[in-house]
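By written order: A, B, C and D. Residues from 1 in each chain.
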Amino acid sequence: MAQAMTAALDHVLAIDPAAVLLGEDVGLSGGVFRVTDGLQAKHGVERVIDTPVAESGIVGAAFGMAVAGLHPVAEIQFLGFAYPAFDQVVSHVSRIRNRSQHRFTAPLVIRIPYGAGIGAAEHHSESTEALFAHTPGLKVVIPSTPADAAGLLITAVADPDPVVFLEPIRSYRRVRGEVAEPPTSVPFGEAAVRRPGTDLTLISYGAMMPDVLDAADQLAAEGVEAEVIDLRTLVPLDLETVLESVSGTGRVVIVQEGHRTCGFAAELAASIQEHALYSLEAPVARVTGWDTVVPLRRAEHQYVPSVARIMAAAQAAMAGV
Amino acid sequence: MAQAMTAALDHVLAIDPAAVLLGEDVGLSGGVFRVTDGLQAKHGVERVIDTPVAESGIVGAAFGMAVAGLHPVAEIQFLGFAYPAFDQVVSHVSRIRNRSQHRFTAPLVIRIPYGAGIGAAEHHSESTEALFAHTPGLKVVIPSTPADAAGLLITAVADPDPVVFLEPIRSYRRVRGEVAEPPTSVPFGEAAVRRPGTDLTLISYGAMMPDVLDAADQLAAEGVEAEVIDLRTLVPLDLETVLESVSGTGRVVIVQEGHRTCGFAAELAASIQEHALYSLEAPVARVTGWDTVVPLRRAEHQYVPSVARIMAAAQAAMAGV
Amino acid sequence: MLEILQPDGSLAGEAPFSVDETKRLYAAMVSARTYDTKGTALQKQGRLATYASFEGQEAAQVGGVSALRADDWVVATYRDAAAMWMQGYPWANLFLGRTGDERGGSPPEGVNVLPPSITVGAHMIHAVGLAWGENHLGRDRVAMTFFGDGATSEGDFHEAMNFAGVFHTPVVFLCQNNQYAISTPRHRQTASETIAQKADAYGMPGLQVDGNDLFAVGAAAAEAVTRARAGGGPTLIEAVTFRVGPHTTADDPGRYRDESEEVEWRQRDPIDRVRRYLEAAGEWTAEWNAQLEAAASAEIEVAIGQAEALEPLGPGEIFDAMFETKTPQLDRQRGILMGGPDE
Amino acid sequence: MLEILQPDGSLAGEAPFSVDETKRLYAAMVSARTYDTKGTALQKQGRLATYASFEGQEAAQVGGVSALRADDWVVATYRDAAAMWMQGYPWANLFLGRTGDERGGSPPEGVNVLPPSITVGAHMIHAVGLAWGENHLGRDRVAMTFFGDGATSEGDFHEAMNFAGVFHTPVVFLCQNNQYAISTPRHRQTASETIAQKADAYGMPGLQVDGNDLFAVGAAAAEAVTRARAGGGPTLIEAVTFRVGPHTTADDPGRYRDESEEVEWRQRDPIDRVRRYLEAAGEWTAEWNAQLEAAASAEIEVAIGQAEALEPLGPGEIFDAMFETKTPQLDRQRGILMGGPDE
């Protein structure tokens, strides 16, 4: 997936003269995950910019650049280091269109690796996408495949509004797949049905998708055909595809790595029962990370939803409890 | 309510030598809402501390003080100005107990006025309590009455863990009521049933409570007896009281001023259907603020849930839609 | 501290402006004062939300912007109406914002002034990004950002200054040190002797000027803008001034400072000073002044009229500027507000 | 820049330590280097997560902490194991943390050292709060905080320095300017000529010292700690040093710097320098050194053994330290993890 993103960024820099990348170590060293590898050498230090260690400065400067007419792609090294920039994101980036009633806009992308599963240090394993989804004025994108990562990134840079682009760390190297050259753009607000099914709806996104698909395979072996939906963008949300599936299955399991309370699964569960209560054959189940700090390497497996936990929830849903 | 809080802080400063207050303008001028009025004159500049304009500094310093053994009560002037301190709250305040496995703790309180309804300037009307509820390791308290404001504040200062204490701005002067002297502490994790009822459960907290109670009165006039629950603390959450009520009524309307997506109402709705799907006679309804920036004075009324909107949702719930 | 125009109207250095320019800037300060006085009055009548007076800070704002080209950027705060207006932001927009209407934040095309920043500190880095972006796009525009002494304590001030230093962006940081951040006096805001000297920590020039001296501010700003435009990088200017009025109409300065301070600073009024200078040069008459005041008053009344004539955002319009195109979620929410079922 | 002990082991000023003290600190540096070497090796074997070497920075850390009393606070980063250990944080805890185990963050009672800060910048204000709190509680403890050149760009550095200046808290800010923040060289981090001069912006003394010189760091730290304890307020010390190894074991310095830089800085190795000094004084022998190394190695192997002997947190224990008492929500979640129904 990382390579697909590099190709997408390369493409964007080539076709959009207003595009610039900035962030800590994105240039000379190619970024902590090498997503921007080689791009400074190819496109120059004016367009691939190494910044001081200052996340609020990175986002705030990118905001100003965007208002001036550039299409900045800012990188924050890990989601756990995005919080120093939170005020810029919430109070400025997400609002300038509204506070100026379309007069000024901030078409910037904030790329942020997120999620656990590589045994990293503290603050390197967060999945707090809900914080951005709760913030009006942001689009929130989380790809799960290389083609989507590239295609959604191209859409993000071209989008007239600010986009928080969350990249699943554990998929960077592990998830592979074909990507067109140049990558084809993927629209926002269209969930992908990754697997058709009639018995149960499994909904997830980003880093959890491989495990969700594994669980679906195992369920199939048990005779349960799960429809698997990959949301791809949390804002805008393709609730239609979700509701269509639920109207057929009546049973739903939502899988999310983030903390449980007020996570995105809560939003989905609330929305599903709002619209489809009478088709539900079982409670909408949430399989989530806990309301704990993400544990470090030795206990990380206790936190991230496992295939076993997804299976247990699916079986409970099939049993109607 | 503001006066009750002043009395509670005065009491805390008197009985707890480790308590200190700090924040912008809390001393000489008594705070933007006069909640700390007179306390510096009475308890001294060492205990009621005016700080520079730097929210991250305020919270970070309070954190250090708490680890050293003090019980700091930090004030942020408005919830919209808490974001510069977000990293301190999320990455440090909420975590030190876990990252040190109980060896170090941060028993501090962060007081933050929140909510719309006084026609204030931009960034002065936020209700993003969900951001804190989503953050593991924080207790989140939102009083709706003077007695609770005082009583919960006393509990907060004595609590061994960090507490985010959100104070409803529009209730400061408008909501009045008896407060014992000295104020009686109110425990965390115990919702208050403000009105008994058997037909419908109305759940809310903080600034929305007066309107929710109004709606309940109007519903009663229409022959619908609503049970009204005031959560008082979002973390810990008294789900038991909620579920008990729902098992009786089968119909629920949750009222929350915050943005809709991933708000606390989403969490509650998701939890209620998880535990009580088969007692539901209608979808759990959410009456919320929108996924927009809180509008300014002239259009603010379009944002904050109105009694009419609460009534409409209640009537729909009674009709089972 | 750079001082050129003395309180008595005499010069202690070279005037940076011709007499005609000086008269034009004097007129601007008179307009600004008129706006300010009306702003406070309107708020008292309940026609504005809160209002933040900048009385006494006219020279700092007008002098600062005097150095800009029409297409340069201004990124300022709730207290910088004079600076914003000087750069083309209409009085009507400023009033409109103060009534509590988002459309106040939308100046005409071509006016490169962001809506006033209400959060303290975050906007300075926006000026850095704007200047950087313009530079990148091959334009020689400069950005000037206004902020207070209190704002220098925020982390974002530091990051903005540091980025400007490292990337050598064409920005002018203009700090109006008006001695207070709400109730907090300057000496409790930072232990630094001056604010100007903070520039040193970022490898940029810092200059302290008498902020009530139109000529000193104008000269310093011109030097900084010229340097920035020529690729010489950023500058920090500390304009030492005083907020004569309350923090906002919701504030009571009696709680935290002695009235004598205000009385003392009124002696150094920035407008009076230019008046004395022009008068000594035979270029000021009471009639001319009355004309200026009358013209300003009329123009500002028109602006108030425009602002108040605008109907509030209509039902559901609060959803219209969240994105270029509304998401399905916002569409649905708009539907609920407009009276549809709560679904 | 303060320099006392020259690379050749000769003195350019007065030694702040007696020979015995010097030998003790030399031994500490040898221990630190031993730990560091083993850390990198263990990571290569997959027994640690990432590891951040501090090779070349031993004098800055050991010299800094040499000035502290046992009950003073140290608030440091992922690269400051030597400083933390000097102040009582066990090697076993440091290793444990690096294996990815929260219990690494829990030093014994009485050790006033916070777990290492992984986020860059946020921890310096904690030192300010600790020092302030201790002061408030009537204790004369000092807090020393360690951070890098990169950390000075974060807004929190600014707020911490400013609070320390305004409230005159007994804190020592010790910046190890090791020339790089991951791939970013010092001159792209800030346009300030030195980091020490940033102190001026906060009304506190700033001192640049040769960070590879145990005596210079020790002398500067002693002066700063003495002043802080006596009520004289905070100090910023810039210890100019170099990160000889990679940023962490996940980093490849070849991408962003020339190896010649490393070679050059190895010449200025802080341990060698003290060795030469002691040798010249007839106080160093190869046997003594071998003994030190052997003792350090043995001690550190014990620590590794302790860390690795500890079973990982058991099922459900990840919920146990979120609060003093688990909330009902955490109890329920724990139940799910332990195999109960997913509700």
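Heads up, the rule we're going with is that contacts are C-beta pairs under 8 Å (C-beta built on N, C-alpha and C of every residue); 3 or more make two chains touch, one makes a residue touch a chain.
These numbers come from a predicted model, not from an experiment.
Among the remaining chains, C is positioned farthest from subunit D, on the basis of C-alpha centroids. Between subunit B and subunit C, the centres computed from C-alpha atoms are 35 Å apart. Inter-chain spacing, taken between the CA centroids of subunit C and subunit D, is 44 Å. Taking each chain's centre as the average of its CA atoms, subunit B and subunit D sit 40 Å apart.
Each of residues 102, 119, 122, 153-156, 159, 162, 166, 188-190, 322, 327, 329, 343 in subunit D touches at least two other chains. Multi-chain contact residues, meaning those touching two or more other chains, occur in subunit B at positions 51-52, 54, 56-57, 80, 84, 87, 91, 98-99, 122-123, 136-137, 235, 237, 261, 274-275, 285-286, 290-293.
Chain contacts here are complete: no pair of chains fails to touch. Subunit C makes touch with subunit B in their complex at residues 49-50, 78, 99-102, 118-122, 150-151, 153-156, 181-184, 188-190, 250-252, 255-256, 312-313, 315-319, 322, 327, 329-330, 333, 336-337, 341-343.
Contacts from subunit C toward subunit A in the complex involve residues 73, 102-103, 105-107, 109, 114-115, 119, 122-123, 125-134, 136-137, 143, 155-156, 159-160, 162-163, 166-167, 321-324, 327-329, 343. Of all residues in subunit B, those touching subunit A in their complex are 56, 80, 83-84, 86-87, 90-91, 94-95, 98-99, 122-123, 128, 130-131, 133-137, 235, 237, 258-259, 261-267, 269-271, 273-275, 277, 280, 282-286, 290-293. Chain contact summary for the complex, subunit A toward subunit D: residues 24-25, 27-30, 32, 50-57, 80-81, 84, 119-124, 260-261, 283, 285-287, 290-293, 295-300, 302-303, 309, 312-313, 316, 321. Put simply, subunit A touches subunit C in their complex at residues 18, 20, 46, 49, 51-52, 54, 56-57, 60-70, 84, 87-88, 91-92, 96-105, 136-137, 139, 160-161, 189, 235-240, 274-275.
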